[in-house]
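Structures are listed in the sections that come next.
In what comes next, subunit A is part of two complexes: it sits with subunit B in the first one and with subunit C in the second one.
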Partner chain A sequence: MSSKRHSILPPAPSGPKPPVHFSSSITIADSAVLTGTHSIAIHGESVVHPRARLDSLAGRITVGRRCVVHERATLGAVGVSGRVAESGAAVTLADYVTVEVGAAVEAGDTVIGEGTVVGVGAKVGAGAVIGKHCTLTPHTEIAAGEVLPDYTVVYSNGMRRTDKRGMAELKNKGLARQIDVLRRIIPSNPGKFA
Partner chain B sequence: MSSRRAPRGEYIETETGNKVARKATLLGTQNIMLGGKTVIQPEVLIRGDLIRTIQASTQSGAASNNTAVSIGRYCFLSRGCCLRPPGRLYKGAFTFMPLRMGDHVFVGPGSVVQAASIGSHVHIGTNVVVGEFAIIKDYVRILDGTVVPPNMVIPSFSIVAGQPARLIGEVPEGGHEAFELRGLYKTVGNNPQPAS
Partner chain C sequence: MAVLTPYTFIQCPCSDSSTLGRPSDPNSSTITEADEDERTFDPRAPRSNFSLYPLEYLLYCEDCHQIRCPRCVSEEIVTYYCPNCLFEVPSSNLKSEGNRCTRSCFQCPICIGPLAVTSIETRPDPSLLAAPDNTAAPHSGPYALTCSYCNWSSTEIGIQFEKPNSIHAQLAKLRNGGSTRLTAKERKERRKDPAYRRYQATSSGEGESDQTENLDLETQFANLKAFYQNQLADPNSADTGLAALGDLGFSSPTSLSRIMSIYTGGSLQDRKAKSRLGAMREALKPDEGLQFAHLDESAAIETLRGEGHDGTASITQLVDQPPNLGEEHLHGRSRFISELRPIPYLLRTKRSKRCPVCRHIISKPEAKVQTTRFRIRLVAGSYIPSIAIRPLSLSATAGGGGSSASGATLPGALLEPLKPAHFLLTFKNPIFETIKVTLGAPAETPGRFASKVTVLCPVFEVDANTDVWDEALREGGATGGAGSGGGGEKGERRRGRYDEGSQANNGNQLEVGKIWERGRNWVSIVVEVVPASLRLDQGDAPLREDEDVLEIPLFVHVEWEGEAGGDDVLESVAAKDKGGEAREKRELAYWCVLGLGRIRK
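Our next item is the complex of A and B:
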């Protein structure tokens, strides 16, 4: 007898299975959740941690190259406004974007620029456009439709400043190193979602 | 179905007294050390799979230690909290570092902890974020909604709050008994006792 006990019930249906376009070099954990009806595209060398949630019910989801989506993060959840994508693109992440634990990016033409970090538990409202190399510190909330210029740091309940350290290139390199390690330690199973 | 087995409780109770909820997610269980009498509530997520990929030095013991998360005795991990080892660049390569937690540590619901070390008798409130490589010493109280920035060192007997976290006070004389979690440990599990 096997040591693991399996339920005799059929697995609960977890919503529609979206069409996916995966690059061959991505790492996606088995327990990540992909639901919705529109397509989900994940480009080269991106990492999706276990229990991350990508929901394409409101429109297309595009994840750029070398992005990291941490556990419990949600991309494409329909927010309180109930807004869905007008152009068909619900959430677009450019390259080198990190979405940390429990952060939520709402659907509805939301764009997050290159090198941006969405901190732990942060919320990006529907239709917000975040510039390049921004940092949203933990628990920040970006209102729906807001436009954030490049290199903005949002901290301490909505205070803003501009990041003048010139660290963007280094941060991208660091992220690439992180991805190298994550690819080794997170078992990837892209076939499950195809 | 008839079964002679006792009904399955909400918690798995181990020989060392750990109470682990069946609905908790523990990834990389072989890299998670529980000291005993620790409560892990449902929907808790512990990332034991994020192990150290570079060993500090080869001379410090031949057997490589892969522990990613180590938790002491009488810790209490509330519903929905998340423990994950911090990661950084070390000698030009990225590696995760172990997360160490002492005894009698309370982690509130929805909190995310990425500290390097947490001492003993620490109370972390609801929806707190502890940034990467933060060091929290003994007898520290972190109030609800605090964001502890990465690399912050919180000295013993302090009370911190705010976004980012600031020292707002000290634990009063004799106030350290409030950190005791033995009573709380008894109130959860498959046959919980009322709080005394």
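Our next item is the complex of A and C:
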């Protein structure tokens, strides 16, 4: 008897299978969803949680080194504007980016800078450019096309302030250690997407 | 538009305008005080806003047999505690330390999130082999308060702590920017120190060098106080008047009483007292509490240019700031975000509530901070009947009867103007006695749009809230002929209900004076309303907010027989010993407001 529980719902239409460029050191869960027609590149030591969704229908998706994409986070969602990337790059995550549970990064030349944390349930609009080491607290929304300077903290319904702690290095180290743990916990199956 | 669910609000008798002795409403000023009791309660009167409560908010005094609302109870504080660390604060500490947590609980001055104490010291990377010793050592070095939500850190205002505990005490000694300041006690000790005195003597001899010293509020106050106390105690400051009066200093209580007598009576001494006050000199040095105003605000303007509006603190942030005795003098203060200090948590209280009339406790929480239980809590819901409202649709049961009204069938649906609608009011009896309920409602609702109201059955009885099993067993007994009179009666009532049901099938469903349905401890009756038309004539004032809500004032009078002498137990025991049934008639009357729904515009 199988102990695994199966969903009653029919499996979601997965769409076309995108061409992928994976680094050999990444961790990607079996149940992550990668769809679209453009290529998806994930660089070294990044972690993609189960049920994370990477959609390259609108353009190329690039995930930098040591990024963490949590459960139900969506990269490259085609937003309300339905904007398609002009340069061909839908979403670009630099290194050390964390996209937390349920967050959405819309497609269309969206760039998220190094060390930035996109909080739980946050939304980054199409074409937004987030600077380095920013913090988007849970449920914040960044409008399409907005440009956030480095070290910005967006909190409490769109209030902005500058992080002056100077802990970027420390945060990156912490993230590296978190990734170490995640690699042991999440069974990786990059072969499924190849 | 938001869907309106039917509601019942109960008016606490404490807000009765007749007891307040003030004219209640300019519109009803023609009504004399004697008519006050006869007057229909108007739920739309501005005063009513403050006297209507849902049943759940009300308490009940068992001794006065009266409803008590949050406005008419007297509160006593049981404990003070910090909402963050849940430590109880004794009230003696409260007087000396103030109403904030003096441990390490702080709120972020930017976003009021809780602050955590973290070590600033970067720990060496454990992966590096170079520093194996330090990895084992716990956190050390300077600490800072950090907010995990908005990433604020106390290092932004230049504050670091040496120890991770008793942050409050450490913070009191630190100015923004990290420079230490002396507490009142230390300052007193410094003044006693001979070396410091010598330094003071020389510097004041030299002249102005010390005058630029910035005094914070606490220091300035302390200096001024010391200076004036000196002046008052100084016998030289008193002018040479009448020797008998003059040799008493101002600070002695006898002279204070004399001054008071001067103010009330004699004029000669009055002049004298004035001349004596004039003999005192003002503070001249910072040591005596003199503080020059900094009128040069160019630095603040410069910062404002640099940081803009985003750099200034919002009003809420400023209001949240705790009073800081170590603050700069008023003139040196600016309102930038970069100067906000961490906020120690405000203490919370647990309160017990007393009836204001008989002083009996009607609500008392458990004194322990961690428990949320109550030792005593007399909620009105267990003493007075609850009223539930449900729209009644007759079209389903009537079978096309002509009289059937297509009222609001769905809860929250709009009421059609000028079309009769029916509502079921279900009275549920929470007490263990049978209650007799008498309802009174005005034929037309007060206000601009008078809807017609008919309570079809204004007098009825609701059975006691007996045990469910008791009821079942008694019904069985009643059929066997062994039941008491009450049981037999009940059976009859039950049958009555079925009779009604059969009548309803005949199309004559709404009979005046008949109960619609009844159960173990509840009774449903029908209220018919004819909503008013909301049409406005030319020149009428426009519809105000919520004026389209159909609200019915309903006077509820409840009668029951309770055990006598609730406040005198001994007497009732004696009465029981005699074998006499010590029962007493009790009654309770109050207005309530039934909100039935919105009328279609």
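Throughout what follows, the second predicted complex is superposed on the first by the 181 of 194 C-alpha atoms of A that agree within 3 Å, B and C clash if a C-alpha of one lies under 4 Å from a C-alpha of the other, contacts with A are read in each partner's own complex, and residues count from 1 in each chain.
Throughout what follows, a residue touches a chain if its C-beta (ideal position, glycine included) is under 8 Å from a C-beta of that chain, and two chains touch if they have at least 3 such contacts.
Just so we're clear, the structure is a prediction, and the values are computed from it rather than from any experiment.
J.: Which of the two partners, first being subunit B and second being subunit C, lies in contact with A:Arg161: first, second, both, or neither?
T.: second
J.: For A:Gly102 in the superposed arrangement: first (subunit B), second (subunit C), both or neither?
T.: Touch partner of A:Gly102: subunit B, not subunit C.
J.: Of the two partners subunit B and subunit C, which one touches more residues belonging to subunit A?
T.: Higher number of touched subunit A residues: B.
J.: Looking at A:Asp150 after the superposition, I want to know if it touches subunit B, subunit C, both of them or none. Which is it: first, second, both, neither?
T.: After superposing on A, A:Asp150 lies clear of both subunit B and subunit C.
J.: For A:Gly121 in the superposed arrangement: first (subunit B), second (subunit C), both or neither?
T.: Once the two structures are laid over each other on A, A:Gly121 reaches subunit B alone.
J.: Answer with first, second, both or neither: which of subunit B and subunit C does A:Thr135 touch in the superposed model?
T.: second
J.: Across the two complexes, find the residues of subunit A that touch subunit B and also touch subunit C.
T.: 137, 155-156
J.: Quick one: in the complex, what on subunit A touches subunit C?
T.: Going by the criterion above, the answer is residues 135, 137, 153, 155-156, 159-161, 163-165, 170, 173.
J.: Can you name the residues of subunit B that touch subunit A in the complex?
T.: For subunit B paired with subunit A, touching residues are 25, 27, 45, 47, 49-51, 53, 82, 84, 87, 89, 92-96, 110, 112, 127, 129, 131, 145, 147, 162-164.
J.: Where on subunit A is subunit B touching in the complex?
T.: 31, 50-51, 71-72, 101-102, 119-121, 137-139, 155-157, 174, 177-178, 180-181, 184-186
J.: Over in the complex, which subunit C residues touch subunit A? Could you list them?
T.: Listed in rising order, the residues of subunit C that touch subunit A are 110-111, 122, 125, 146, 149-153, 155-156, 310, 337.
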